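What follows is a pair of complexes built around subunit A, which joins subunit B in one and subunit C in the other.
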Partner chain A sequence: MPRSVWKGPFVDGFLLNKAEAARASTRNEIIKIWSRRSTILPQFVGLTFGVYNGKKFIPVQVSENMVGHKFGEFSPTRTFTGHSSDKKAKRG
Partner chain B sequence: MTGKRILVGEIGRPHGVRGLVKLRSFTADPAAIADYGPLTNEDGTRRYDLILLAEGLARVEGVADRDAAARLTGTRLYAERDRLPPPEEEEYYLADLIGLRAETEAGGSLGIIHAVEDHGAGAFLVLEGPPERLLPFTRAVVPVVDLAGGRVVVVPPEEIVVPPGSEDAA
Partner chain C sequence: MARIAGVNIPTNKRVQISLRYIYGIGPKNAVEICEKLGIPDDRRVNQLTDEEVLRIRELIDREYRVEGDLRREVAMNIKRLMDMACYRGLRHRRGLPVRGQRTHTNARTRKGKAVAIAGKKKVTK
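Right after this comes the complex of A and B.
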């Protein structure tokens, strides 16, 4: 059953403060967070978070199509290592 | 990059009695493995020409019975790096990035790139530790990728600090 619309999206309060501080800063910063349950809001777009997966902080660059998802979705807690083969990485 | 070979697949168990084998392709598009031929074994001494069939099966040229196919089980298939098409702008093959030295702007060493991962929120570099470092693969953090020089220049991001009292929880 989905969350009631009248409640709005859930976000931990301290995370909003950190995002605001990052927005105000012009430096190259990463926001370390443990709150995997928080929803990604439009004001987080363009910021980079380090989302804890129980062992390390996985870098998550927030883009527009991630809005509405939870941070934890982008920081897997189980290890899967494939082969690099012909796979490519795009520099953001 | 000349002479560099990359692992693109592995021959699995035999299928049937006519020399077909299961093929495990590690390429982004599994069918692309046949485009990178000729494929060789790990030490480059033997060459394999593959004909891809449906459902992950393949026929290896010169292999016509089950016993010969069974002898190939576990063979890792390598392709020449030069056979891969050139990547687009700002795109890099993982095989090219892995193993590069990460350096600061001042020239200090930060370690070797041990893996490049992407879990749907942008690629990031894993520098071997200790301590292991995870760095977003962005222009701000990795301004220079010098494949010929075997290095990347990294500007490690700082951790955001919020003044005490403004946080509700940690």
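Right after this comes the complex of A and C.
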């Protein structure tokens, strides 16, 4: 079930300050964030965030399409390298 | 033989039922259409007058997104997710369940038919 509209989008407040600071300092720096649960707002478009996945900061360039999604969606937390296929060769 | 919204030719079933053969029209929309046009429940498609068929066609054209258009929209939505490289997009790319279902077992609808793992030992006594 989606979140009630009257609550507005969920964003950790400090992100707003961070984003504003990044906008002010024209250097294109990666903003490191841990708040994977925050919604991506329209004012974040164009900025680059480093979203923590438990190990690394995954750089996420925010585009218009991403508005309304959460930061965590763009920073996968699991690695799956695939199954080994040479089992038969080993046994034979 | 009635052609509505392109290729669909539902036959001698009740209108409510046969409209569902159109991609994008399910039970709810089918009933809604009949109500809007005042077509009684027990009317069959082959009993419809030409004028009624025309009205159904127009109504669907005007107010519903069906067939090609709808399919395109769905495909575009999935493509958008994949291009964004978000979690749901990645799941679509890999052909795995998108909404958090288990994949240890089941998930055969998304994964397709089971493929035997080469070289896996059979359980024997």
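Everything that follows uses one rule, which is that the second predicted complex is superposed on the first by the 79 of 92 C-alpha atoms of A that agree within 3 Å, B and C clash if a C-alpha of one lies under 4 Å from a C-alpha of the other, contacts with A are read in each partner's own complex, and residues count from 1 in each chain.
FYI, contacts are C-beta pairs under 8 Å (C-beta built on N, C-alpha and C of every residue); 3 or more make two chains touch, one makes a residue touch a chain.
Since we're looking at a predicted model, the values are computed, not measured.
Of the two partner chains placed by superposition, only subunit B is touched by A:13; subunit C is not.
Comparing subunit B with subunit C, the partner in contact with more residues of subunit A is B. Judged by the touch definition given at the top, the superposed model places A:66 against both subunit B and subunit C.
Contacts of A:25 after superposition on the shared chain: subunit B is touched, whereas subunit C is not. Within the superposed three-chain model, A:57 lies in touch with subunit B and out of touch with subunit C [touch as defined at top].
By the touch criterion defined above, A:81 lies against subunit B but remains apart from subunit C after alignment on the C-alpha atoms of chain A. The interface of subunit A with subunit B overlaps its interface with subunit C at residues 63, 66, 73-74, 76, 83, 85, 87-91. Contact residues of subunit A toward subunit B in the complex are 12-14, 17-18, 21-22, 25, 27-32, 34, 48, 50, 56-63, 66, 73-76, 81-92.
Looking at the complex, you find that subunit B touches subunit A at residues 6-9, 26-28, 32, 36, 84, 87, 90-95, 97-98, 115-116, 118-124, 132, 134-142, 145, 155, 157-162, 166-170. The touching residues of subunit A, when paired with subunit C in their complex, are 63, 65-66, 69, 72-74, 76, 83, 85, 87-91. The part of subunit C that touches subunit A in the complex is made up of residues 80, 83-88, 90, 117-120.
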